[in-house]
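In what follows, structures are represented as structure tokens.
Each of the two complexes below includes chain A, the first together with chain B, the second together with chain C.
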Partner chain A sequence: MKIIGASVPRPDALDKVTGAARYPADLVKAGMLHAAAVFAHRAHARILNIEASGARALPGVHAVLTAADVPYNRFGLIVADQALLCEDVVRFYGDRVALVVADSAAIARDGAARVNVSYEDLPAVTSAQAALAPGAQRVHADRSNVLLHQKIRKGDVAAGFLQADVILEGKFTTGWQEHAYLQPDAGISYWEGEKLVLETAGQWLHEDRRQIAAMFEMPEENVVIRYAKIGGAFGGREDLSLPPLVALAAWKLRRPVAMVWNREESIIGHHKRHPFTITTKWGAKRDGTIVAAEIESIADGGAYASTSVEVLKCASIFACGPYSIPNVATDGIVVYTNNVPSGAFRGFGTPQAHFAAESMVTRLAHALGLDPADVRRKNLYKEGDIETTGHPLPPGVSVRAVFERCLEEKAARFALPARRPEPANSLRRGIGIACGIKNVGYSFGFPEQATATVELDATPAEIRGAIVRVGAAEVGQGAHLVLRQIAAETLELPLEAVRMVTDDSSEAPNTGSASASRMTFMGGRAVKDAAEAARRNWVAGAKPEATVQYRPPRTTPLDLETGDGIPNYCYGYSAQAVEVEVDVLTGVTRVLRVISVHDVGRAINRQQVEGQIEGCLAQAVGYALTENMPARDGKLLTPYFSTYLLPTTLDMPTEIYPVIVESADPNGPFGARGVAEMPLVPFAPAVAAAIFDATGAWVSDLPMTPERVLRAIEETRRRTTASAEALVR
Partner chain B sequence: MESDGSTFEREGDGMIPTTFNYFRPHSIEEALLLLRQGEAAKILAGGQSLIPMMKLRVAEPKTLIDLQGVPELAHVTWAGGHCTVGSLTSHATLAADADLRQKAGALWDAANGLGDPQVRNLGTIGGACAHADPSGDYPAVMLALDACFIVAGEKTREVAAAEFFKGTFETALGAGEILTKITFDAAPRSAYVKLEHAASHYALVGVAVVLVMSRDTIEDARIAITGLADVPFRASGVERSLRGVKGNNVAAIKSACAGAAAGQDVRGDIQASSAYRTAMADIVAARAVRVATDPR
Partner chain C sequence: MARVEVEVNGTRHELEGVEPRLLLVHFLRERLGLTGTHIGCDTSSCGACTVLLDGKSVKSCTMFAVQADGRAVTTIEGLGSSAELHPMQEAFWAQHGLQCGFCTTGMIMSAVDLLRRIPNPSEGEIRAGLEGNLCRCTGYENIVAAVRAAAAALAAMETPKTIGELVEVGGR
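Now for the complex of A and B:
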């Protein structure tokens, strides 16, 4: 192996840091028309009238488009329940009701401001609890507010609690999180003969094409999606937001049209990470064996379905973390509300589930007077264990090795420095650990495949080069280089001899999305198989090319009542140790050091794996501590970076130790699993445990803002004082 | 010029101000004349608050009078124990002034912690004071220094800091008046400490402290707090409680600072609740006092 495992530098890095790389907004050319959307800016209302004559009268305005202009006015990744332009009802602040197309962006926005929409406000459902209340207003008149109620039943949870020596209950809440990709939503669209072309950013060429072709009732092959450079995605570009709007304008006016959202439009206009309320009860025996867990998870899915049902199922199967528990009952419910839609975001329901589960495991250990590491050792999954869904885990269960490695690193690197002796110093340090499990690839029977084509440039004597066609979105994670490395290694070619064709839906086959930490595994396996097949053809004297569709081991839907099913074909396992410093007088918390251990199966490009770990940890720091996104009556209160607090360099830990464990997956290319989402999975509960270690207080709400940390410290102090007084009496 | 603005804020596009006339006078007299004559005229100092407000069209002056052509307004001058700071002095100039750190640490602290480097390079002390942001740092410092504001107009007048800040974005400056200088006595035992908003660096709670010490004992104290109410206020209860406290008696300082926000209608918003701000006033006050007890 020469190329696999090497830290090959990114070929796109120089262009990206010098500004030469062309992101979607860089594609706007003189002479194009510009589109601007009219947003609803209300949570729930009936559209009575759209008065657009003022906008149409504005010099430079070419058209004001409304729902009537969209042939099939529905889209959605799983359920097509969202209108491109609302025809009768708006269901959240960021819903779009009209599109103004004009000579310039300024005129288009000016025109959008002159579109007067009259509404009749409807009662708004602005929390998951309100959506579930008896007699609650329906968000969609034709269906229940409950998108999915998924149950999982394993063993006998009542009998399990009877065996328990200690039973703990906990309630956890988590908030929305904004993807905050650097490159705001943008795109251009135009006709090329009979074909409608859309150049934009996304995560899955062929799925974008499917939904957009359906909206304009066109054959899929007449819609061409081309991805420009993509400035981050994190799940935030899985749902269509801006792209079909600009496509509508070009389709309708038969002119090239550009559209660029500013940050506020991006934040209100695309989906977020699901807020969860998790109510749990866990029981364990004196020796630390966890015997029962009961978990109710309620998620706010917002106004449209997006991928909510899949996120909820992921949160449900990981509700016990990576632990084998004989008796489990989980109830997961995700509902429609008039809040911003929730959907895919790095981790896909798993970080929320782990925040509760991993916090509960540590609390159980404390209640039993045991070391939290020992309780984990006692209960962690091992090879052949049965998931809560009733079937054995996919082979290659490495979480124990990952955890032990984390403990070794922690012992070596986190020998606790002496606490400062000065009594007035209000800074306290603490260490926390947590483990994680997250699927690689699609789950629950969702059709999973990746296709790649390899064309060899070969003489009878030698293979000189190769063209790899693979419809993989390069969202910044480095997929194109990894796939190229896999092709080069398989064909024993230098990297430069492999040319990648990746960004055009008419030139590259469907490889599935850049999501679910799957592209290295799935895209890589398809490329590897296609390269091997092409070489076999060459050896046999046939045309030296091949197209291969790789399909992984099958998964199945979960039974609604019992959860029975085969959820996944591959898991990534993680363990982290973090050190925090808490100012116990202000609640201000800093993460000082992180050890982040991940079984990635095989690091195809070591530097990129480490980059993924470090980048993901930045998002994890934000999720755990700073990124508070409150809403009032359906309106997001932090639609700007001046109010939504992303972590900056100064908020990052001074020491990050990314640790790569390589326990090969039987199906992944060269044994690779996935890494993209993994560091977000155990991070928040590791920080919560570290805050507890530092202060004696548990924080059960994400993000753990200074105010929440301080409140937890003060409540703990009050309780301790009260119980001390009770003892005296 | 093409706007990259948004339909998000209906009032404006967030990027381009309305049209205005621009003047760059070369003397205060000329500036005063323009101010009297200009329609809806505003003074432009460093522009770090006014320009963003104009872009958002929260402010729509018809006439801008840029003081950057009057460089004699930018200076820090000491005469004995008395300091005069020109209103056009930038935050960066103050922040880099080692002498100021020793003689008026509270002002030096505020200048160092204000905004980001770009804001500190362009923004001015006079502009920030005249803007009177309720979360601004200087108003508290001015109150604690018991500073005096020299105001040019029909006639020059002096306004004490306690009279200068009237409300949110509201000062004692009249329509035809320009703040030219700020004067105060040396305060070698002074400090300004804040708990800040991570993005803007505005004070969630900011406390300025000026102490008079006799050996290691606090004889007198002026404590002023920003970020909590519409205007900065003196924490007179804390000031009284600090008298006679030893500078190294941490427990006594902490207990003296309890209830720093007593009697105030403390603001709460998405950045920090009223209860949190109230509690933090005590903590930040105690920290500021402790910094101020030592020579800087």
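Now for the complex of A and C:
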């Protein structure tokens, strides 16, 4: 093997470094019409009237479209509960009520400002707790605010707590996180004969096509989705936001239309990571054996369903982290509110669950006077362990090896004096560790498949080249190169002899989404199988091509009351060690060093795996420390990059050690698992543990802003002083 | 409406009817079709629109096109071509200093200006110099490595040239 594992430079880099790469907003051409949306800018209200004559009278305005213009005015990834343009009620600030189409973007925006919508405000439900209160206002009149209440029951928690020598309780909250993909949402749409074409950015060609075809009541084959270069996604382009709007304008007016959102529109207009409130109680024996855990996780799903129920289930099955605990009771509840919808974001409920679980494991260790590493060693999953959902883990449980590797790296790299001299009076340093588990691919019986076609250019004597058709979104992660490497390796061809057809829903088959860390595993396996099948056909003298649909081992839905089920077919395991420096006068926390260890099964392209780890860590630093998105009465208060603080070069640690462990998955191509989400999973609790190590204070709310760190330090100081005084008395 | 005379990537442009409030970035993208300069925010926070103005980096969303009158602008399209990449472009490719690529062009322009000011920067100087450019994909590690590699490549290019000149002098 020569191409697998090699750090082959990415071919798309040439266009990206010269500016030749075309992102959606670069596709706008002279003569196109431009669309601008009229946003609701209120949390919950009934639409009384839409007065559009002022906009229509504006020279250059071609149309003002409303709900009546959408044939089937519903969409959504799992439940179609969202209107493209609201017909009677708006349910969050970013809801759209009208679309103005004009000769220029400036006129369209001007027109949008002249659309006068009269509303009757309705009581707004602006927190998950409010949504659950007795007699709460319904967000959707025809259904309960509770999207899902998932229980998981294993063993007997009451009996478990009786065996415990120490029982700790904890309450954790996490906030919204914005994807902040750097390329704001944009697209163009036009008719090509009988086909409606949409060129945009997304994460799943064929799912975008399914939802958009349904909205315009068109056969799916008459809708063509083409992805331009995609400027990041991270789960944020899984839900349709701008794309169906520009498609509506083109569909209706039968003219090419362009639409480009500014950053504020992008932030208020698309979903976020779910805020969670996790209330939890853990019990352990004196030797560190964890005997029981009780966890209630309440998530704010926002105004529309998106993927909330799946996120909640992931948060529920990982509520105990990667630990084998005999007695567990988890209650996960996700609700509708009048806040911004929550949905997929790198980690998919797992970072929130781990923040609580891993913090509790470290707290238990301190309460018992044990080393947090030893408590982990005692309880970490091993091969054959039963998940809380009642069945054995998928084979290849490597978390113990991953954790030991992390400890070795920590000993080697953090080996300077155990406690270095404090750089200044107010600066304190500390080290924290945490572990993580996250599924690769779709869970809970969701139909999981990936399809690829390989067409060989071959003479009877030799295979000269191949065309690989695979509908995999290249969101920046390097999927196209990795899939090409897999094809080249399988067919023993040089990389240049493999041509990829990937970005057009009518030219490439359905490979599923670029999400859930699944594309290398699922797309890669489909490409590998198709390449092998095409070669078999060639050897047999048949037409040298093949289309293969790969289906991984079966998963099943979870029983609502017990959680019984087989949730996943593959896991990625992680362990991290971080060193932080806290200024105890200001609460400002900096991450100085990170060791991030991941079992990726097999690194198809080492350089890109390391790139995924480093990039994901930047989002993890933001999630843990800087990215604060508060809301007031449903309104997001930091909808700009000037107020929503993404990590810069100066916020990132200068020492990052990505460590790749390769314990092959039995089904992944060449043993590959997945990596994209993994570094986000244990990071925040590792930082929390490091802050505790540095200051003696636990922070239980994400992000751990300076204010929160300072408050935690002050509260801890007050408690210590109080107990010291009590002792004196 | 204003008249703007500006040199962009070595070509002189004289444009009539420029709306005085038109930002330089929109002028470059919409009037000249130079879409390698990207728009990532609207608050001059992200740096995706960075270009060189008379050789110095500037966020092209922070100035009006009319302010570029009589001056020279270099965009990513003028830095190098796919046939002959600028060493900074070469380094971002080789060091895997990009993923989605959206921040890359602005990042490269900032880095070019950084090396103009500090030819052999320390890691701290590189990080401080690129603080105004956001990247959401890479975690910056490989971007810093790319700038370091480009600095070395540029330094190496300087040296042979000097030797070449000496040889030429000697041969005379």
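In this text, the second predicted complex is superposed on the first by the 720 of 729 C-alpha atoms of A that agree within 3 Å, B and C clash if a C-alpha of one lies under 4 Å from a C-alpha of the other, contacts with A are read in each partner's own complex, and residues count from 1 in each chain.
What we mean here is this: a residue touches a chain if its C-beta (ideal position, glycine included) is under 8 Å from a C-beta of that chain, and two chains touch if they have at least 3 such contacts.
Since we're looking at a predicted model, the values are computed, not measured.
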{"item": "More chain A residues in contact [chain B versus chain C]", "value": "C"}
{"item": "First (chain B), second (chain C), both or neither touched by A:641", "value": "both"}
{"item": "Touching partner for A:630 - first (chain B), second (chain C), both, neither", "value": "first"}
{"item": "Touching partner for A:87 - first (chain B), second (chain C), both, neither", "value": "neither"}
{"item": "Touched partner set for A:231, first chain B, second chain C, both or neither", "value": "second"}
{"item": "Partner chain in contact with A:618 - chain B first, chain C second, else both or neither", "value": "second"}
{"item": "Which superposed partner A:296 touches (first chain B, second chain C, both, neither)", "value": "neither"}
{"item": "Which superposed partner A:264 touches (first chain B, second chain C, both, neither)", "value": "both"}
{"item": "Which of chain B and chain C A:14 touches, first, second, both or neither", "value": "second"}
{"item": "Footprint overlap on chain A, comparing chain B with chain C", "value": "262, 264, 641-642, 648"}
{"item": "Residues of chain A defined as touching chain B within the complex", "value": "36-39, 104-106, 109, 112-113, 260, 262, 264-265, 268, 423-424, 585-586, 588, 626, 628, 630, 637-639, 641-643, 645, 648, 651, 706-707, 710"}
{"item": "Chain B residues within the chain A interface of the complex", "value": "2-10, 13-14, 195, 198-200, 250, 270-273, 276, 279-280, 283, 290"}
{"item": "Chain C to chain A touching residues, read off their complex", "value": "29, 34-46, 48, 75-77, 80-82, 85, 89-90, 92-94, 96, 98-105, 108, 123, 126-128, 130-144"}
{"item": "Chain C-touching residues of chain A, taken from the complex the two chains share", "value": "7, 9-10, 12-23, 25-26, 179-184, 229-232, 234, 262-264, 475-478, 607-608, 611, 613-619, 640-642, 646, 648-650, 652, 654, 656"}
